[in-house]
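Take a look at the structures listed below.
The two complexes that follow have subunit A in common; it is paired with subunit B in the first and with subunit C in the second.
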Partner chain A sequence: METQIVRNEDLVWRRIEDEIVVIGNDGLAVHMLNKSAAYIWEQCDGTKSPDEIAVGLCEHFEVTPEEARADVQATIDKLEGMGLMHKTEGNPVQ
Partner chain B sequence: MSTGSAGSHTRLHDMLRKCVALNIPVQATLELTYRCNLNCGHCYIDCKESDELTLDEWRQVLDQLKAAGLLYILFTGGEIMVRRDFLDIATYARRRGLFISLLTNCTLVTPEMALAIAALRPVSIGTSLYGASASTHESITRVPGSFNKTVEGIKLLVQAGLVPRVQTVVMKSLAGELPKIKELAKEIGAISSAQFGLAPSRSGSNYPSQYELSEDEVLESGLGLDFFGVCVEEGPGVCRAGKTQCSVSPSGDVFPCNLFPLKLGNIRESSFETIWRLEPCAELRYLRSMRRSDLHACQVCEVKAYCHRCTAVAFIETGRMDGPSPTACRWAQMRWRLTQDAEVTQCQKKPTLNRKSLQKS
Partner chain C sequence: MLSHWRADSTGNSSSSKIQLQIGDVCCSVTCDDEEVLGNLGQLYFDFLSDQPVDFSIDLHIVQRFSSHCIAEASSLGNIIRSGSNILVAYWLTDNESANQNHTVSCTLERHQFNPHFDFKIMNLLLPLSYYEACRTRYSNGCGPMLVHSCGIIRHGRLMMFSGPSDTGKTTIAKLCGNEHGQVINDEMLLVSGPDKDSDALMVQGVPIIGGVAQRLNVSAPLACVLLLKQSDRTALNRLNRTEAYLQFMRQVIAPRDFEGRTKRAMLSQVAEFSDMVTNVVPFYELEFTLNQRALWKTINKLEKSLGREGS
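Let's look at the complex of A and B:
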């Protein structure tokens, strides 16, 4: 079993150029995600582990694997703390 | 890595600013019908259009708007609930991840409908009371029994867990009743707000202004300057109509906003993408290019700091988007006079503004 991260399904979000805007259930709470956070957000569809997302981050941004892992973890922790995503246990989709 | 640390209000503002630059229509007013079971004397909708998009066509509109970036919808009319499929349209919008707000006179709300609306978790529900009694309210709606129906409808929405906003446009007949309306709204579980100023009708007729308070009546109303709007230091600016805001009429005509009778195209003849982004008409391109500095007459007006000019109303009144709006000029002068009166009351400096030059502007 591997921990995967999934966005909360009932949240509304849109990509606006290189940023993503996530809007709370009340339609008023707005969260803006910058370029790299937006990438991580899009990857959190419940099929990837944090490590797999970090590998993808290295491929798309000029960061070392260590920096990518730290970035992914920090972003996930923050978004999870804001109630925008949650961890789930399961096998990655093949 | 930033997920944004500013307050939600600031982030919403930032998002809208970015969408303005990109002309992303995040806010749409969808006029589902022009039919209404009330007959309000001041209503700005004076068109007889009876052709209406079908449920399937509205679904297509919602799909196209969402693809263009839509987030927030205001459903309005006419009275939205005279359409039997109103809930089907609103439910479809919600399921597509769009936030909905409703404007309704609440007279047609049933217990079942109130629960169904609550399940859609609307961002807001606005309704109107034109008085704290049936006689005052119905002197405007011109439909006997409408006061009780509206009040009962509001109560049903409150029982379903919603908090409707009672919006009152201050008119001659009800200026003295505002405190009572506020009290009534609170008593039945709603919140209230009042606004000043009536727009000309969609076709440009000025009949709504007969309900507007005169300058002397404003002064006698005791409502004070705070009520009539704060000053805008830089003077009138340009709005988001045609940039982040759009409107679709019952028959599918697309407008920059629901007050702006500049038809950009029709959804039955062209896709929204074509009308909005691929082939915007010359007028829309000009509207998007307008800057505060393009409002030449307004820039030199002596009461510009008191002006809340609406581009749509200016266009209705004069046929120009960048000219002064006589209605806005009238209200700006009223605010200026209120300020002067307040200053005199406080024994402050005597006003020095030249009234004749104001009238010329």
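Let's look at the complex of A and C:
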């Protein structure tokens, strides 16, 4: 089974130009995601694995596959640590 | 275009109630204390209304809360506090008839209507009532929203000076006086999204008590938003959209109501509204001092540049 990454759907977020603003559950904490983190965030809808997201990152930004995989993993780890997303085990939706 | 609405002299009220207009919403206030009601009528004179009532506040004034009242309200979570002080114990009535509006019955202690307290308890109850009425008045529960701000109308358009408490909204209103514009409120404003006939956001005065005497039930299109920053100089900095969004959304009064929307629903509405406003009007950070001349010289210059942008 592949690991998919899912945004915390209890959180309110909006894309503001190139960035994404995520509002914490307390309504006070605000997390700003830059361009690449915003792309990764939007891809984390529970249907894609980190490797699939990295492929998309390569296509959208001028990075090597290795850089993309590292960036995706680092971003996911950080956002998961902040409680903004979590991993699930399951087959990708076809 | 400026619009100014005023109730006629036969207006709203019987001897035991007043009706107040907050944007499109009409809220009636009844009270068993005629002196309190009379004072409220004077305070909110510009907002007296004879429109059909959307929501009713029934004030019951007591010398002291009874322990039974507090216990009953507490068990339902129906207490409004300021720190450790209980301000209001309330009960929401769902009227069975579809034609009748909802009513909230509020018990308050008499000392809160001491004139020196300036009736600020109403600053808590009226936004709650407004948003409660919006739940049924607007199909998705979302309507115009209240923003912590001072509004000054100049040359037919409104400049919004926004910021948390103690950033200078009342100071700006006092520095304006009658000379530099028309202050419609120095504490809170109601902002409506663009309608089908216009791209402009409209801003309306509301019956919320601030630090100055003016509370006007007038509306005007929003020219720009100036986010206030205390400083030792007068300066104006244009904000990018993200900066504007982050600061502005903290000044939007979250749509809390008596029944209690979910936090997510409230935050979602604030986020969507803030996105809309920051997309439509320019935002600036205004640093200012008590130098009245420097302030209005800066504002005049800004208006000229906005005039050029709009042409």
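Of note:
Rule of thumb we're sticking to: the second predicted complex is superposed on the first by the 94 of 94 C-alpha atoms of A that agree within 3 Å, B and C clash if a C-alpha of one lies under 4 Å from a C-alpha of the other, contacts with A are read in each partner's own complex, and residues count from 1 in each chain.
One rule holds for everything that comes next: a residue touches a chain if its C-beta (ideal position, glycine included) is under 8 Å from a C-beta of that chain, and two chains touch if they have at least 3 such contacts.
Note that the coordinates shown come from a computational prediction; the quantities given were computed from them, not determined experimentally.
Looking at the superposition, the partner that touches the larger set of subunit A residues, subunit B or subunit C, turns out to be B. When the two complexes are overlaid on their common chain A, residue A:Q43 makes contact with neither subunit B nor subunit C.
In the superposed model, A:Q4 lies in contact with neither subunit B nor subunit C. Once the two complexes are overlaid on the shared chain, A:V30 sits against subunit B and subunit C alike. When the shared chain is aligned, subunit B and subunit C each come close enough to touch A:I16. Comparing the two interfaces of subunit A, the one with subunit B and the one with subunit C have residues 12, 14, 16-17, 19, 21, 23, 25, 27, 30, 32 in common. Against subunit A, in their complex, subunit C makes its touches with residues 240-242, 245-246, 249, 254, 263-264, 266-268, 270-272, 275, 278. By the touch rule above, subunit A contacts subunit B in their complex via residues 12, 14, 16-17, 19, 21, 23-34, 36-37, 40, 71, 74-75, 78-79, 82. Subunit A contributes residues 10, 12-14, 16-17, 19, 21, 23, 25, 27, 30, 32 to its touches with subunit C in the complex. Those residues of subunit B lying in contact with subunit A across their complex are 1-4, 8, 11-12, 14-15, 18-19, 22, 24, 69, 71-72, 97-99, 121, 123.
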